[in-house]
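Note sheet for the following structure.
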Amino acid sequence: MSIEIRHLTHRYSEGSVFSTVALDDVSLTIQDGEFIGIIGHTGSGKSTLVQHLNGLLKPSSGQILIDGQDLHGEHVNTRALRQRIGLVFQYPEYQLFEETVAKDIAFGPRNQGLSKAEIDGRVRYAMDCVHLDYDRFAEKSPFELSGGQMRRVAIAGVLAMRPSVLILDEPTAGLDPRGRDRILTMLEELHQKEHTTILMVSHSMDDMARLATRLIVMASGKVAMTGTPREVFAQQEKMLSLGLDVPAAAQLCRALREKGYDLPADLYRPEELREHILRLRQSGSEGRDPVAE
Amino acid sequence: MLNDITMGQYYPVDSPVHRLDPRIKLVDTLLFIVAVFLAQSFVGYLLLFGFLYGVTRLARVPFRMLLKGLKPLRIILILTFLLNLFFTPGEKTLVAFWGIRITLEALRQAAFYSLRLAFLVAGTSLLTLTTSPVALSDGIELLLSPLKKIHFPVHELAMMMTIALRFIPTLLEETDKIMKAQMARGADFESGNLIARAKAMVPLLVPLFVSAFRKAGDLAMAMESRCYHGGEGRTRMRVLKLTRNDGLALGAMLLLIALVVLEGVLL
Amino acid sequence: MQQDMRILLEDVSYTYEEAAAPALSHVSASVRPGEFVAVLGHNGSGKSTMAKLLNALYIPTEGNVIVCGYDTRKEELVWEIRRRAGMIFQNPDNQIVATVVKEDVAFGLENLGVPTDEMLPRVESALAAVRMSQYADSAPHMLSGGQKQRIAVAGILAMEPSIIIADEATAMLDPSGQREVLETLHALNRQKGITVVWITHFMEEAATADRVLVVSDGEMVLTGTPREVFDQVDRLRELHLDVPPMTALAADLRAAGLPVQPGILTVEDMAKEVDRLLCPSKSAT
């Protein structure tokens, strides 16, 4: 399923003196099967952008086309379209409300009007996706679980609606490294095995480096940069000027290039740096000075 | 928008009325209510209206803001008017239809009672329009402080008001977030009959309560770690001091009462 | 010598009511005056329990907690301890009491019964120390997460504490907010000599401390300077904790046979080390 955003502008408190432009003429296309990382400061417009994609916010101007259909067009079933795009908010565990994990996950499918058997199947599928054992957790109260487990229940609640596109707003915020790794591994599997298109808002460049096939960098309501992680992280100056970091490996790559070492400019994975340093070590074992002075 | 709700009716401008001590404004409001009940004629009401209008001008609050305060009460106002109009006995019949007789006395009484109600509401609106909720809760605490002697929990009451004021915007933000999250799961808060809608609120209310309780627990711990142990031995940074204007405001209100009483006696 | 310690944990255990296993078991540690100590661990490792023991919010089930020379067991000393060991919590929203910033900063002073005319100067200087003076009259809910946390810091600072305990104070903030709060605490530590106990699960933050204590399953498993602790890459991975990326890279290179020196933490460290390994001539000059 493809999403096309055309000249999307959004103003908050429109018509009042407090009116602020959150999105300013944003145009983007998201292809089927992409894993997109959205980066930007708080207030750069990234949360506003993702809330438009399933129709929770209406554009002040511009269009959102889902498989060519205008999300807010006349004669379009907005509700049906919206259901194909799952949205996981920040700290989604705060939305849990049912007595049991299974019931909470079933909330979405129930709203879709599915049959009991189908709902049960969806719940099992979703719990499997987030690595929660059905027999162990289904009948537990979600409020008895750990923070990381609660978050996975909340994500399962969205996955149970079987969206073609999954959008997550900072899915790892507040989690410890173990909890974060579980979520990231789970998203990686969803993308690779289920071919779900994923959009993830995150502040963590390392998470982005690990997962994203394309990055969108937002700044002041506009798309400031877009490209593969390799392309984006290679432009370290531009990232820094936007107040954003690049992964440590990319920083090292730049530091070594400045010292005169012969390295490609666009390395950003630690493994790549390791290979290149080992290669330099071998070729430079004669004690050749890399800086031609 | 969220900010509007927090501030309630407060109309944030700087004026001599806004700067008055909240205690004096509270006392003045009470005295105004007394004056409303003391007024026995439309001439007295004219005095009240003049006073209200004058203070509103002095407070640099548009007069329509006062009228806006009456809007939520319009049904009660109309009801008061109609009930008095139909059911007050009297001599001079104005009109009669379908067995109902409307008399001059009834018309007078209907107008009188609904105006009285309007004055009461407008007077208290003027208080909340010119006094921020924080100042108001401070004023109430200080005015009630003599009650501490009979072990009335004045400090606790004021602390509760402050915390409520502090958390209203936070909880509103949270409500908005949870609502959106459930809508993303296909929840429908808008359609259906009353029962369906009430049921649809469960996915909103449960998380909201859970969050409010968590906040309460966290806050209690944070307050304790900052040495909070009730009102005993506590000092305040903000101390209210009465000024000359406060004296004038009290004097003006007493004058109004005197005039209203005098008018009642003379006419 | 133990008298000179700001904080002393003597064989401390703590078990929550109704809990089967202790949240913290037999932990002994000490913090010197002016030290910046990070406590690193997972959620549920016992690190937050430790924070609450330091502020007499919890009393140890076994062992003793001595803060600024005061035993937290002695009930009459609770307020003496709390005014000296201030605490910031995780959720910025849930620790601000008042509707105006400067009044929130004054909250602790009001509780201590500080005279009214002393209060405003103390509030103002506390706000200046966290660089929030221009927001003195703002409503807290209009501020960013990082700003709210700085207000919480100011509220403690006004009470003139010897110790500030930050219990995952940055876990809910964005990167710029995280930086703001961590830098504020470092500045207070340097300039005013305030002892800081920084509880976190972010390895990057722990790396900036003078000393790191690693807790796991209620026990203290590692302690030392950040370089000493993070060099134990295998042990940290075993505990599912993050290793700084450059330290991890150093370990990988070492595994590939390169004689990389221990103690690599930052990109700068690594770049220097690569220089040393690849161009001995250059690093000798």
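The letters A, B and C name the chains in turn, as written, and every chain counts its residues from 1.
Just so we're on the same page, contacts are C-beta pairs under 8 Å (C-beta built on N, C-alpha and C of every residue); 3 or more make two chains touch, one makes a residue touch a chain.
Computed from a predicted structure; not experimentally measured.
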Centroid-based (C-alpha) most distant chain relative to chain A: B
Interface with more contacting C-beta pairs, comparing A-B to B-C: B-C
CA centroid of chain A to CA centroid of chain C, Å: 30
Chain A and chain B, separation of their C-alpha mean positions in angstrom: 47
Centroid distance [mean C-alpha coordinates] between chain C and chain B, Å: 46
Contacting residues of chain A [partner chain C, same complex]: 41-42, 146-148, 173-179, 181, 203, 206, 243, 245, 247-249, 251-252, 255-256, 259, 261, 270, 273-274, 277-278, 280-281, 284, 287, 289-291
For the chain A and chain B complex, residues of the former touching the latter: 13, 51, 54, 56, 79, 82-83, 86-87, 89, 92, 94-97, 107-108, 111-112, 143, 157-158, 161
Residue numbers on chain C that touch chain B, as the complex places them: 52, 55, 57, 79, 82-83, 86-87, 89, 91, 93-100, 102-103, 106-116, 119-120, 123, 139-142, 152, 155-156, 159
Chain A contact footprint on chain C (complex, rising order): 42-44, 144, 171-172, 174-177, 201, 203, 240-242, 244-246, 248-249, 252-253, 256, 258, 267-268, 270-271, 274-275, 277-282
For the chain B and chain C complex, residues of the former touching the latter: 3, 6, 133-134, 162-163, 165-166, 169-170, 173, 214-215, 218-219, 221-229, 233-239
